[in-house]
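The following blocks contain the structures, represented as structure tokens.
First chain A sits with chain B, and in the next complex the same chain sits with chain C.
This part shows the complex of A and B:
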């Protein structure tokens, strides 16, 4: 595997389509998803439940449930290699070795019958030809890295003996065991309380910068994304609806869904503004996302969009708005044209 | 390694059924292993003609065993002592086993001799020492049952794992196969194998019992694979690059170990019974080697000699009962919901 040219992204997902066979018919979970994760950058994947965030992560690693999931088309290029056509054996070396993943639920993602040190050492030994004691030493080192004050003492602890935050730190240690070039974090803080989540995000950010690692951060925590990520990819109903620099997307969204989503997020509470903010009700997005077994024609957000016009019945293409910003909305172009005289 | 196993072992230690089962099985196993020290044609230690230890095992050509024509079975009525004086063994120097007769040598005391100093339990209908037959019968029964159970369990784990992993092809066929095997009486399989082979051997009996026993284990393992496949930690292990075999061994098999152990111990009892039944029908191991079932068959032909029914019956009851007690206790110990006793 040769190093990619610096202008090529580390991970490039192109036109990825994934469907699930369900009792009610074929569910098209992803439909032509494309985005890039540049080397050394952090990219956020945002979207509501069912929009395809986790499916994207699992499709990249090819760990979708074999029984009913299918990758219909697309390409996932990682460091110059198409992962979707890679033989299973070579793919196993990528999983855990070159791409690490942290799941949402640390308690259930750790095997309850093995001590955490053993599980970290196992991750090391899966990819590196090291002795048990070397792997154990590496586990201590990793535990220290992820913020265990006395790692030697916690090595033989079972997952249920640790707090939620500590368990998630163990998961991060496992994901980092073989120094991956890309870390996929699938809602790593959803199961944690706010304080612990903030600590964990700071840790993730620190580790990423320290190692020059790329991060694909799946979340719906907009605050976290603002702090952690360089770029944002917004998913809606299995399609990318908007991409761009994190600050720009969060400040000036170009897609009605992103706009509505941002408006419905609770504002960061600062002491001076607390009173009047609390008094205001948060707006919500009316309706519910479309059933992906029977995808509507045209724009998928049309039914819920406050700005929808007759033209939205035609499937909108991804519109390049310059400076890395893209939006799947015909109105974005019009808005831009109006804004720039 | 796991606290679960430790907990189960501790619970097992407290169970009276388990203690009784282990003790009884242990004694019978010791008898089987050290059969030569309990009953043999030659002394354990003999000084003349040359110093020898356990000639019964070490000597390449021990005293030629008395040919045992099966023809005179049923000579119980005539209890005339034959020419060869039995007392020569009593006077021979050296350290003798408790019973100075091997399982196949014919005693001078004649057929169906009552208990005496020479023959603590008397002789059988062929003039062989009953105690020696019982001791070597234990070796036959336990050895065969153990080998068959282990082979069956190994086969079951392998096939059950394969079926759970390869959902489509293997799964359907295996489930049908397991159902088919379940409907087959074990004794029929033995009879079939016996019909195929020319020389009856112990191996074919082991194979026959294993062929019947594997199905239950395979079913247990398959269910565990299907259950564990939905666990997050199995997905996490896949995401770490673990091979299917690695995941099976590390993350799935430990969960199946308990039920498989229970099934194996139950199977041990069943296999002992089956061996007795097969030998009773005359389909058993070569007639020369001792078997409880074969003694029972003799007893059935000579109703007057109650000893021939009672002793092997008691041995069978003890072995099978102990195995079932232990299996029962093991199941309770492994059941997290079981109440403490």
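This part shows the complex of A and C:
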């Protein structure tokens, strides 16, 4: 694989649709998801549980459960190669090679019966033609890189002997073993305590900048992504509802879902518990996301949307709002048209 | 039973004044819980000091927030207060009665008045029972309803109070969404008309938009029923929103406690400060996150002196690693206490 031309995105997902066979019928987990990860940029994929963010990552990496999931349509292009049509042998070289992966729960991703140094060295040897001692030296270097103060002493530790934060650092070391062009991180800090999660976010940010690596960061935490990512892709019920520059989406969301979702988080440093009952109430999104076994007609957020109008019964197209911002809402267009002279 | 607790009609709004002056419903004194841990057949049994020397109170109608990271002992503390776990040392006084001295039979009456809401309703609700049976179980145990018809009416009323339709009575937990299940967990606790509710990470398993619904519900219930809450969470933001006063735990001990606005503003303990700055805010850079070094030490082998000293930027050798700092008020009458030899000024 050659380096992509700089004007082409490193990863491009186009019209991706994935469904699962369930007892209750076919569940359309993703329906026409499209977004790009430009080279050297950090893109966040955010959404609630069931929105399809992890399924997107699994489809890109082709690690969907074989028994009941299938990719219905779409294209995933990574550095000029179509990943969905790649033979499995070649895909194995991509996974853990040019695309590194970090999952939420390191304890279930690491092999409990091998020392961590061995597991890192194996990752190196799987993708590179190096000797055992070279791979071991590389493991030491990687452990130091991810913040182990005395990596030589930790090479022979087993995963269960390490804390959650340290295990996640080992996962990052394995993901970095082959200098990936893209790191896919699926909720990498969700299982960690706040002070440890902050360390990991800072580490990811530092490594990414230092190596010019692209990052696809999957999270339900809109605040964490503001720190780490350049762009945001918001998913709702299996569709992209909004994309744009991170700061713009967080400060001035265009889609009613993004707006409601941002408002429902407790405010930072509120002046303690307000005496006034009304002031203390958090804005909520009534109801719950639709059941994707029966795909709703029209806008998928319509039933919960405070701004919904009769026209929302027609499926809204993704509307380009300029400056890389897009929103799947007819009202956003109308509002912008009114605002513009 | 869904009637609001009587408020004196001539008093100012309850939430503005009641918690600050209201009598103390729960008093905890020098509470400790040590769990034995076997380290193998030929080694001495060790003890995890899950909770150590905790003294606190909760007033009527007040929410005390308890925040800390995993392993800090906050969940154990909640359970020891309810005597779901027997304390090793110390006393829990509930409405004037020392619970730690009661025999199991005498504890029954107090049990009705103290209830708990768990983090994960799916694993804390019996999957084989319908919602109506789950919520009505306590009414039966404590003989609060005189017959089947009255019990069903009481269940329907409490379901209504937590925002569930009457039809939910015939559903099983797995048929409900996460938010609805947590409403069932709250209804189960409320059905027996408690005065004190321990909420152990009640919204941690929920998506943010559903979290907000449950937080609003708990606030409303507190206002309507005058409930006292111990609100346990690892999420500082949620605690800040919910609690009148907040206690910060680190490795089994309370390191700072005070009225939430004061604690949030002054952050006297270096650990409290680190917790606040570790929460990302929109727009701030990653480097602006306070990155505290290291991770919480093991409660099996806690560091000597102040347990936070190995990670503390202000640790003073010869003092912080030797003497355990007492939880003390820096300003008399402020009700803001900190356990630190070098509190932030």
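A few remarks follow.
Keep in mind that, in the parts below, the second predicted complex is superposed on the first by the 330 of 341 C-alpha atoms of A that agree within 3 Å, B and C clash if a C-alpha of one lies under 4 Å from a C-alpha of the other, contacts with A are read in each partner's own complex, and residues count from 1 in each chain.
One rule holds for everything that comes next: contacts are C-beta pairs under 8 Å (C-beta built on N, C-alpha and C of every residue); 3 or more make two chains touch, one makes a residue touch a chain.
Keep in mind that what you see is a predicted model, and the values were worked out from it rather than measured.
Legend: residue contacts after superposition of the two complexes on their common chain; A:261 is shown touching chain C, with no touch to chain B. Judged by the touch definition given at the top, the superposed model places A:250 against chain C, while chain B stays out of reach. Judged by the touch definition given at the top, the superposed model places A:169 against neither chain B nor chain C. Put chain B and chain C next to each other and count what each touches on chain A; the higher total goes to C. Once chain A of one complex is fitted onto chain A of the other, the partner contacts of A:113 are limited to chain B, with no touch recorded for chain C. When the shared chain is aligned, chain B comes close enough to touch A:105, but chain C does not. By the touch criterion stated above, A:67 is placed in contact with chain B alone, chain C being left untouched. In the superposition on the C-alpha atoms of chain A, no part of chain A is touched by chain B in one complex and by chain C in the other.
Residues 61, 63, 66-67, 92-97, 101, 103, 105, 108-114, 122-123, 126-127, 158, 171, 174 of chain A are the ones that touch chain B when the two sit in their complex.
Those residues of chain A whose C-beta lies close enough to touch chain C in the complex are 48-49, 163, 165-166, 193-199, 201-202, 205, 220-224, 226-228, 247, 250-251, 260-261, 264-273, 275, 277, 280-286, 288. By the touch criterion stated above, chain B contacts chain A in their complex at residues 1-4, 167, 231-233, 235-243, 246, 250-251, 254. Those residues of chain C lying in contact with chain A across their complex are 13, 15-16, 63, 69-70, 177, 179, 207-213, 215-216, 219-220, 223, 234, 236-238, 240-244, 259-262, 264, 274-287, 289-293, 295-296.
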